[in-house]
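Chain naming follows the written order as A, B, C and D, and within any one chain the residues start at number 1.
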Amino acid sequence: MPDNSSPNGPKTAFALAPQRLTAFKVKGNVMISAKPFDFPYDGNLVPSATALLVIDLQEDFLSTRGYFARSGYDPSPLRAILPTVNRLIKAARSTGLRIIFTRQGYRADMADMTPYEKWRRARAGLEGTDILLRSGPGFQIVPEIDVAPDDIIIDKTCNGAFTYTDFEHVLRSQGITHLLLSGCTTDVCVHTTLREACDRNFQCLTISDACASGDQWAHEAALHMVTVENGIFGVLTGSGAVLEALAKLPAKYP
Amino acid sequence: MPDNSSPNGPKTAFALAPQRLTAFKVKGNVMISAKPFDFPYDGNLVPSATALLVIDLQEDFLSTRGYFARSGYDPSPLRAILPTVNRLIKAARSTGLRIIFTRQGYRADMADMTPYEKWRRARAGLEGTDILLRSGPGFQIVPEIDVAPDDIIIDKTCNGAFTYTDFEHVLRSQGITHLLLSGCTTDVCVHTTLREACDRNFQCLTISDACASGDQWAHEAALHMVTVENGIFGVLTGSGAVLEALAKLPAKYP
Amino acid sequence: MPDNSSPNGPKTAFALAPQRLTAFKVKGNVMISAKPFDFPYDGNLVPSATALLVIDLQEDFLSTRGYFARSGYDPSPLRAILPTVNRLIKAARSTGLRIIFTRQGYRADMADMTPYEKWRRARAGLEGTDILLRSGPGFQIVPEIDVAPDDIIIDKTCNGAFTYTDFEHVLRSQGITHLLLSGCTTDVCVHTTLREACDRNFQCLTISDACASGDQWAHEAALHMVTVENGIFGVLTGSGAVLEALAKLPAKYP
Amino acid sequence: MPDNSSPNGPKTAFALAPQRLTAFKVKGNVMISAKPFDFPYDGNLVPSATALLVIDLQEDFLSTRGYFARSGYDPSPLRAILPTVNRLIKAARSTGLRIIFTRQGYRADMADMTPYEKWRRARAGLEGTDILLRSGPGFQIVPEIDVAPDDIIIDKTCNGAFTYTDFEHVLRSQGITHLLLSGCTTDVCVHTTLREACDRNFQCLTISDACASGDQWAHEAALHMVTVENGIFGVLTGSGAVLEALAKLPAKYP
């Protein structure tokens, strides 16, 4: 196994070998093996209280002509997680977990855009385009991702899905207390949303190989940060462990 | 003038005779005469920092077949303010104030509706209808109201427009610090939004004859409450005073 | 019974005859008889998920030399509810409900006070005093009220207890979903907090004779508003009904 | 210069050589040289609208017997920034910037602590201690840091200073729109607060050598993340550039 972690930091194996962590049953309950401890901590994985969160898998981030590519980033790492995310969606749906997608973009009327953001937008050569606007085609979730009619979609302007949206309202209305996080980018929107969720006392599990960033260092460091201070941002595991655990739950839709 | 105020409370003349309050110029600035003090308190009415807020003038509240009428309320007092609100919209638009409309309704997917709200909905005989849903025709602003393409629309589930929405984000992004409130109902959505705005330090003026409720007592009391404790919820005036002040501002669109 | 309600509004009997509403048992559960429907709506009163909220019973509002009296209001109606609130506190404590007190006041360093609020403060003749500051004696809860060491105290600047405080954090951390509201003033801080709580989907019951205001019209109208639109701000009852229901719960501390 | 950045990520020179970035004057305005662009972007550094934010420099994080050391981290990197932070405090104070300190800790009554947090606390061997409680000595800012009577202190439970606190209220009341961030830890509380501030449209500059973490990899990566996507979390510079810029401002207290 090549050592491509930072020479200054502790080794993280999650981005490299997520399949090693496996789900197991304790006292009749389904848990997901994770670091630094298994999920949920109290051994009580309740499908109706758990949501799979899929963050910002939109054309603006994944296509070769969207915002992300035009900002100088390679979207291929983002595209590479799509099959994994779809496997998670399929497993989550069949066991009764809610699937929640977020989409990032400014309002079509740009009423939520400050002069500073207009300046940064012009600086990036995006002035006059519909990139990152909700009215543009780049706002749509990529067609490879399986969005069903009863999935929940949260539109947001901010990096954090809780800020100036109805995300928390929806979660609490639905009785959702546990979140499995996936999507892009690991270091920006996934991590900001994860931090907000932890501060609001949601139980969080980040799925390492279902998240991606155009900046590999930032991606790996963001995954590493989940585990500092004994799980200050919840726990981390790979999609294999999640899928194995979900397979042990009774199927809602056989 | 008939005395139809509560025998227990101080007299309020605002709902009855708003035209008595007039705009006047102090030291070159335009102010709006109001109670318990003129608006803005520092004599500095800046059109670009001021918005006319028009709350929930939707079919579900104003039509004879909408939520409000089906709940046993007479929507005619709500319809009666439409000409006044349109006069305010016209004057605000011509002087460069932003016009912000709110619309109340649950998400079409009802993901923001709790079991309690479903129970209350069934109790009111609304189960199975699209009343109060964003996907229903009742969610639309009534056609009598003049909505322009560059007006801002805020959709909300709650009575308070600040809660679980991007309303505050939009206000701060646009540099709006002063709000002129109109719409329905005075005692529920107008007052909840007014209270939220005051707690967030927006400068607020409620326009008595541009607000309405199906419950006349609640309407009058809500207007009276604006003025308790020396203006704890900002100030109160009539549309006449607002129109007179706006007429003194230089026209943006002659 | 004297008719002192507004001639324009429907009669409200709650402030006058709260003792008529009584608690009763349905299917083994304890419910509180209330208008427009009993509380909780699903018949499930869980002491550990319920809190008695006691709002702003501080010297600044109740004493004859505090903010409220200096603003021209008579604090006697506020003092009159103290025995009722203490009876509720005693009953709530003995059955395991949490007691949560709020206190309103600006930070001692006044960092949360805007120029507008300083202007209003000077206008009311309070400049240079420690009235409404957390460092002043007026900030303290009046000694007649029974505060125990394990009660929770929330300090706030705003009228709404949810705004810029840890109130929601505490409620959700403690698993509290149901609130019984008391305190002062009915029309300002009680109602703003009630509106915020309802928008956040807490189940709310306002106790009519455990709330008070210096403005009788505003007090009565605020109670009436709880019941408009079939309970848009939860339900309303008197302390008698609450005490009767709590007496049916098993005593936690006999 | 030793290469201690991640082999996967772009090089970041900020943690290593902050002194290279210098303040310069453009068109009479004072700007701070930063990456990826100078601060503030519009060349308008207004002392009264700018605050130096000093995050969580408390005994619990810096002492050898506090929470951080007991969690297995070396607090020396945190102690090492104290002289730099004091230099910034002195310069900020003399030019009229507000100094805002945050302190992290649970309420003394632990009402803001969930069962999960109690479990994690017990797992870390902290049960029964006053570590991370506001009533404990570890909650205090270390005596080496120069806190003045008119500085502002924000107490928080969460990693993000905006969540369930009056931080935003204070900032907006004071008219503060620009934040210079320092403190610990870079990857947890500094970054969460930074992300919240950016989403709320505050202009942010992170001072690389005035921030620290017990995890060097996480520290460096957190600084690097500030600059991804052309400054998605504002800009980054060293204390030298900040001090040089502040020296060009007129002294408020000579």
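Definition applied: a residue touches a chain if its C-beta (ideal position, glycine included) is under 8 Å from a C-beta of that chain, and two chains touch if they have at least 3 such contacts.
If you're wondering where the values come from, they're calculated on a predicted model, not measured in any experiment.
**Q** Among the remaining chains, which ones contact both subunit B and subunit D?
**A** Both-contact set = A, C.
**Q** Could you compare the number of C-beta pairs in contact for A-C with that for A-D and name the larger?
**A** Looking at contacts between chains, A-D has the larger number.
**Q** Taking each chain's centre as the mean position of its Cα atoms, how many Å separate subunit A from subunit C?
**A** Computed from C-alpha means, the inter-chain centre distance equals 41 Å.
**Q** Go ahead and note the Å separation of the Cα centroids belonging to subunit A and subunit D.
**A** Their C-alpha centroids are separated by 26 Å.
**Q** Would you pick out the residues of subunit A that each touch at least 2 other chains?
**A** Counting only residues that touch two or more other chains, subunit A contributes 114, 158, 163-164, 169, 173, 200-201.
**Q** Given which chains touch which, is the overall layout a line, a ring, a star, complete, or other?
**A** complete
**Q** Within the complex, which stretch of subunit B touches subunit C?
**A** 4-10, 37, 41-42, 71, 73, 114-117, 119-120, 123-124, 158-160, 163-164, 187-188, 191-192, 195-196, 198-201, 203, 215-218, 220-222, 224-225, 228-232
**Q** What does subunit A use to touch subunit C in their complex?
**A** Contact set of subunit A toward subunit C: 169, 172-173, 200-201.
**Q** State the interface residues of subunit D toward subunit C in the complex, per the touch definition above.
**A** Touching subunit C: residues 107, 109, 111-114, 150, 152, 157-158, 163-166, 168-170, 173-174 of subunit D.
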